[in-house]
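You will see subunit A twice below: alongside subunit B first, and alongside subunit C after that.
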Partner chain A sequence: MKKRIFHSLLSLVLMLAFPLLAAAGEKYVEQQLKAAITYNIAKFVNWPDHAFENERSPLRFCILGNIGFSKELMSLQDRLIGKRPIIIEHSASIADASDGHILVIASSERGRLDHIFSMLQQRPILTVSEMNGFAEQGGMINLVNVGKNIRFSINLDATAAAKLELSSKLHALATEIIKNESAQGQP
Partner chain B sequence: MKVLFDNLSLRGKLTAIIMFTGCLVFLLTFITFLVFQRANLRTTLLQDSLVLCQTLGENCASALIFNDHDSATETLQVLTEKSNIIDSRVYTNDKRIFAAYHRHLIEHPEIDRLPTQDPLTQNFKFSPTDLTVFKQVTYQGEVLGTILLRTDLSTVNDALMRYTWMGIIGFVLYSCLAFLIASFLQRLISKPIEDLSKTMRTIALEKNYSQRVTQQRNDELGSLFKGFNNMLAEIEARDTELQANEARLDHLAHHDPLTQLSNRRLLHARIEHTLSQARRSERQVAILLIDLDQFKKINDSLGHAVGDEVLRAVAGRLKKHSRTSDTLARIGGDEFVIVLEHINSPDDVTRYLQGVLESLGQAIKVSGHELYITASVGVSLFPENGEDVEELMRSADVAMYKAKDSGRNTFRFNTPGMNDKAHGQLLLESELHKALEQEQFVLHYQPQIELNSGRIIGFEALIRWMHPERGLIPPGDFIPLAEESGLIVPIGEWVLNSACLQSKRWQAQGRPEVRIAVNVSARQFRQKTLIQTVEQALQKHQLPPHCLELEITESMVMDNVESAIVKMKALNDMGVQLSIDDFGTGYSSLSALKRFPLANLKIDRSFIQDIVTAPEDAAISASIIALGKNMSLKIIAEGIETVEQMDALNAKGCEHGQGFYFCKPMTPENLEEIYDKCWISSCPKTSQTTSAAQRPKEVTASG
Partner chain C sequence: MRFRMTADFKQSTRGLIILCLLFTFSLSPGWAHENDFFEMSLEELINLQVVSAAKKPTSRFKTPAAIFVITREDIKHSGANSIPELLKMVPGMNVAQLDTNRWAISARGFNGEFANKLLVMIDGRSVYTPVFSGVYWDIQDLILEEIDRIEVIRGPGAALWGANAVNGIVNIITRSAEDTSGRHLTTWIGTEDLGGLSLMQSVAINPKSHLRLTAKGFARGDSQRDNTGAEDDSTQGRAGFRWDHTGATYTGKTTGGFYQGQQGTNFDRITYQGDYHDFFNDDTDLRGAHLLTSWSRKLNEHSHQTLQLYFDYSHRETALYNEELQTLDVDFQQNYAFDAGHQLTWGGNLRAHADHIETHSHTLMDPARDQYDLFGVFAQADYSLCKDLTLTLGSKFEHNDFTGWEIQPNGRLLWELSETVSLWGAVSSAVRTPSRLESDGQIVVTLLPPGHPENPSPLPAFVIFRGDDAYASEELTAYELGLRTLLNDGFRFDLALFLNNYDKLRAGQYQPQDVINVAGVPAYVDVGRLAGNTLHGETYGFEMAVEWQASEAWKLMGSYSYIDMDFDFDNRLEEYLNSFSAQHQASLQSRFALTCNIETNLWLTYTDAIKVQSQPQIWDLSIWIGWQPAPQWQWELVGQNLLHNQKKQLNSEVTSMVSSDIERSGFLRVNYQF
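Then we have the complex of A and B:
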């Protein structure tokens, strides 16, 4: 009888505890995916030639503000994209990030977005953020949660203005593409 | 199969060979085409599949990078446009299925695992129904996974099947076309051969070997034609030679080689032809049978070469006398036949024959000899003497003998009466000829007895005919016929010779000389050659003349007394005894009898038969005996059958007799026993009349 009660209690505890454990695990996977997507997107972007000194010059990732997946992203340090090694660094201000190639903007910077974009002007820097409505506000790559998966939308006006070329393969994977001031849903 | 092929005609064989070759080439070409086409189709499909695989892989690369299953699946969905793609899968590096496409959404067991082949060396695999290709998905040198594509081979197989069907239909059409072409082409070879065989058949049928094959060719058939023509030429040459030979043989078969006149065979045909024409036009035809007289003598004395010359000369003279429409033939040794057409009366024949006989009568000069030839001619007339060849020839034959009987060098027509009589006897006559040739005659001998002593004083030779079918034929049945036909002459000669031979033989066997009496026929007696014949017979057998007695009848001598006396004297001078046979039945002139150099008188059996019972016969017998005694002639009584008859004759002073009472006529062998018991020398050398003996010989050799 005691044994039965123990089993029942155990199963009750496990039933209560599992969603918590599961949520913690999901969060971890989400950060990893976001880091991987950010990293992988770089493979599908063409920077203008003047953005690099030579073909072996490193590709710089600048993180502005606190992002949830900075640790995961940092772990990708020194990997190669093509022949270029990647450098990932935290930027204290937007001015620090002016010599980078990819700028990952934390959700906390929402209030200063206009300032950031005006600072960047039309430099060839790919802007990536997970904040809601990033692309609509002029950001280039907006990471979005779709169920348990992480997807992204693209603002082609912004990339075009920055002289960045995005592979058409990215178009196919994007949930939303913004072009000529209009938002286009993924076909 | 080989038998079947062998039984085909040449046309069939050629057609079959051409068709077989054509179809074989077609099939080989078609199979080669199919094999190449299959390889080609497969290569194309493989390349297409690889390209498609490559494209899909590239399109799926980003999906793999961003782990976007839906996107990858969507990418694969484009394959719905290609109906021959069975399924496609994208695998991650750790060999999990990342995305999949299936045409029918049916799980395929094989698809769940990667092919085991090394993807780098072998990135495709053909199975009978499908093609599997796979390719690594890379992006910027990084291997992201593997994509697999399975393609249905049905398009290839369908295409091949379509080609196969087209091939089959094409094959059928081709076979028909090949058959038509083969049928046409085979004629190039078979037509000349057929023509050749047709020509051969025509030649064989018409037997016209002057025909030639006219086709000119330079191939093997050409040499066949040439050979055939050469053969024909050879055959033609032989045929010509054969025909010449046949003509020669035909001439030989129908002509007499010596005189070049027609022979008996051709003559018969000619006469038959002439008769059939004469029958239609109701004309007369005369058949002349010409037999040279005494021709045998020329052959015997001067040799056959001279004889042949004579025959040729005779033929020449006959030819000169005959018209071209007349048929002239030599049918035997010295027998010629002339067939006269277009005669109006027997007088025409007579005039013609007189000319012929006159012409023949002129001397024939042959190798230094000057010979005189006569001929006996028998004439038969159509339609009087017969309706067909045989009848007419027989009739002419009978008439010819009549001419001979009439003393030769003349001709005789046949009268219907004579012909009828002769007809029945002709058979027997021909048999007589045969009997003479085959020696069917035999001589039996009847002893002549001295009545008071019972000793044998001589024998009378009596002829018998041992006919092979009819048995023994008595002389009364054939002698008259032999007399009439003239055969009696050779028969008589044979009797004379046989008797002499027998007498000599008996002497040679140690028996004493004995007289043998031989009957002489009227015709024989009339022969000029009689004396010569007797002389030769005696010489030949070395027989003393006094051992031969010739019996003649009254009538023979009374016909022509003077010539008979001359002949009898000649014989008597020779030493041969003469006797009158059957005395008392004829009409002997006693004055003539007195002049005959006779030795014996033989009383006819008719008087002896009734000598005991009939006083008249007894008286006649007595008178004859008395007459004989008075004329110093021995009397022989014939046909003594009883002891009474013998006694009666003895009483009347008859010295000799013969008859069944003593001995019937017997063969020499049977006779010899008796002969040896009671032999006496019986040759009365004293019986020769001195007057006759003193006369010089008057024997003359006649032609």
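Then we have the complex of A and C:
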């Protein structure tokens, strides 16, 4: 009798499971991953002391142009990294972003990249973008699609010039590290 | 008979009905939620596949085992204030609270205070005691904010983890010191969780090295027994650290900790006189410490080695016995990742135990001090048969001082039908090695008064379990099947079926009965039961879990599990001792964000009746309300066991260990990050 109950329950479960199998769909969550990776990278970057007023002043994320994951990034507002609350802003121009700590640059800004970098000079601002070849052109963190994963490459020349310190964890996890203007492959 | 079956069936499907409703709703599209990703580590995120990421990293979706992961998000919303409370959300786990401090926890049946088929590890350190084969849950504690995740695998994991990973493994993994920057202060005040304070601080020693210091202290109030205070209140304090080093070649973690506590425990010094009971309350004193260090070396892009070393000390003084245990363990492991998706992992370990058991009452241990070792090797290969099909073969060869060599192989197959559907199956074997008690000890299990169906004599009969050197390992062969699917970003479904075939399970073999005279007058009968391996049988059942992000603000998590057993018990005591698990269990959590900074969780649980104990079914509810007025602050209001004033959840298998009624409770907890 016990086994009959078990079998009835089991068949019920399987009947429920099969429509699921048939209907199993796919949907992309790329944008959320990119926002979460950007947030996580920020945890492992050290800004020089002069970049902040005090140890509790906020960490400002500035978004330049239309990026795909801006909505996802906005939900980081008010989270903490260490003791610092996060502030997310859209910057109308590069001049607006000069008091930020992280600048997320849209792919559409590709043509103005040289102008952006020259405006930033060597301010301690971490530049992040998903545009192709961003790190090679002098950007610091490049989010890249590798197969079905989102990975990132880093340009240590650019971060060193801006006096930003990247944790060894980022070195270990980056797919590519650019240093002394030469690219080094990483597993 | 037919009528009864229908009634049974109705009752048993109550949990399913809730889930059916969920399925119906699931046909409407779900929405993804970003919170889960923000709680994950960078390592997890970069390994996450964009398509199959409703919640779990790909690695978990691809695990050919019944795995459930309690994430930081789950811990935050659960309102739990201890590790055992968290485990209640895992489908198929049997979790019962015996008194304020003691818990009975098992997976897939065979629960009890001395449940012996579940292996528990904290950061790679086994906290399973070889003295009685089980886990003292009252001393397994951490600051909740420190926990990265708890991975629970139901079913055997002996091929990797070794003996005693029979019905399941609980892996508690803490966060790296680099991940918990700054200072976290948590304090709480409440009716049962009377009050507590925990402090955690992380500092960067240099860009490659980080250190976290932790301290925690708490007091718990007593439960109820016969409508008065059970005097099982407790205090406990602990301090610890974790040091992480991330280098180009070497990566290491080192953890250490110390704890001390005192708690009231109720005993029954069962006696042949009077009404056969002698209830009393006594303090149980606890202290312990551990030090663990683990280093990984990257050999090349395809291979790395890990060496881990730990020492653990624990000391427990109770009214019945004092137990001191020291453990030294060395583990080595090497991984190779070949092209085309093949992988090989092999390793070895050596563990030495030294114990000292001083018995006072209702227990005996001879010799009182002993030293015993365990060593073994294992190898596991993941072989990619074709694009979607992965075969895992592995085995552990382990030697212990009680039974010699034990071989524990397993074979697993994973079939990824699509990026969102995977099927897995496994055949595995595992053993539960004898404890010191089963080899060298004695314990009074219960007393049968005259007139009891099992006691034909006119005198009271003491049932005494006696260990035996010849006692062998318990053996399990498990057959499992599982299905995981992600219907869309917001909907996840997980099903696991199992058939466990047990052999050589512990039973008590009758010994000649002695009539014991006291002052020249026959006083009682000594019914000895010698440890033997005569019990065999099967358990079978299934567990299912669903997770549905109904909208950006609303998430539902449900689980249901069913278990039944097919055993020919020799006598009623044998049946009693092996049947402490509920046939049906269900859990439903509804997490709802009221506003952007106020969130709630309603958590309903159902545990079926435990017939051998005449323990009725339990519906229960806990409520969590979290308010985050500023990024640094979080206030939480929690109500637990809300549906009853007080309720007993389970009795211990040993009559001398007395359970009490767990009361409705509430607490206020404040978290401050600075």
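Keep in mind that, in the parts below, the second predicted complex is superposed on the first by the 158 of 187 C-alpha atoms of A that agree within 3 Å, B and C clash if a C-alpha of one lies under 4 Å from a C-alpha of the other, contacts with A are read in each partner's own complex, and residues count from 1 in each chain.
The working rule: a residue touches a chain if its C-beta (ideal position, glycine included) is under 8 Å from a C-beta of that chain, and two chains touch if they have at least 3 such contacts.
Computed from a prediction, not measured in an experiment: that's the story for all the values here.
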item: Which partner, subunit B or subunit C, touches more subunit A residues; value: C
item: Partner chain(s) touched by A:Asp78 [first = subunit B, second = subunit C, both, neither]; value: second
item: Which superposed partner A:Phe52 touches (first subunit B, second subunit C, both, neither); value: neither
item: Partner chain(s) touched by A:Lys148 [first = subunit B, second = subunit C, both, neither]; value: second
item: Partner chain(s) touched by A:Phe44 [first = subunit B, second = subunit C, both, neither]; value: both
item: Which superposed partner A:Ala172 touches (first subunit B, second subunit C, both, neither); value: both
item: Subunit B versus subunit C as contact partner of A:Ala35, first or second or both or neither; value: second
item: Those residues of subunit A which subunit B touches in one complex and subunit C touches in the other; value: 33, 37, 40, 43-44, 81-82, 167, 169-170, 172-173
item: Interfacial residue positions of subunit A with respect to subunit B in the complex; value: 33, 37, 40, 43-44, 81-82, 167, 169-170, 172-173
item: Subunit A residues within the subunit C interface of the complex; value: 1-6, 8-10, 12-13, 16-17, 19-21, 23-30, 32-33, 35-37, 39-41, 43-44, 46, 72, 75-76, 78-83, 85-86, 145, 148-152, 165, 167-173, 187
item: Residue ranges of subunit B in contact with subunit A within the complex; value: 59, 61-63, 65-68, 71, 75, 139-140
item: Residue ranges of subunit C touching subunit A (in the complex, touch as defined); value: 1, 5, 8-9, 12-13, 16, 19-20, 23, 26-27, 32, 34-35, 37-38, 40-43, 45-51, 53-54, 178-179, 181-182, 207-208, 246-248, 251, 301, 417-421, 483, 485-489, 493, 495, 497, 540-542, 544, 562, 564, 566, 630-632, 673-674
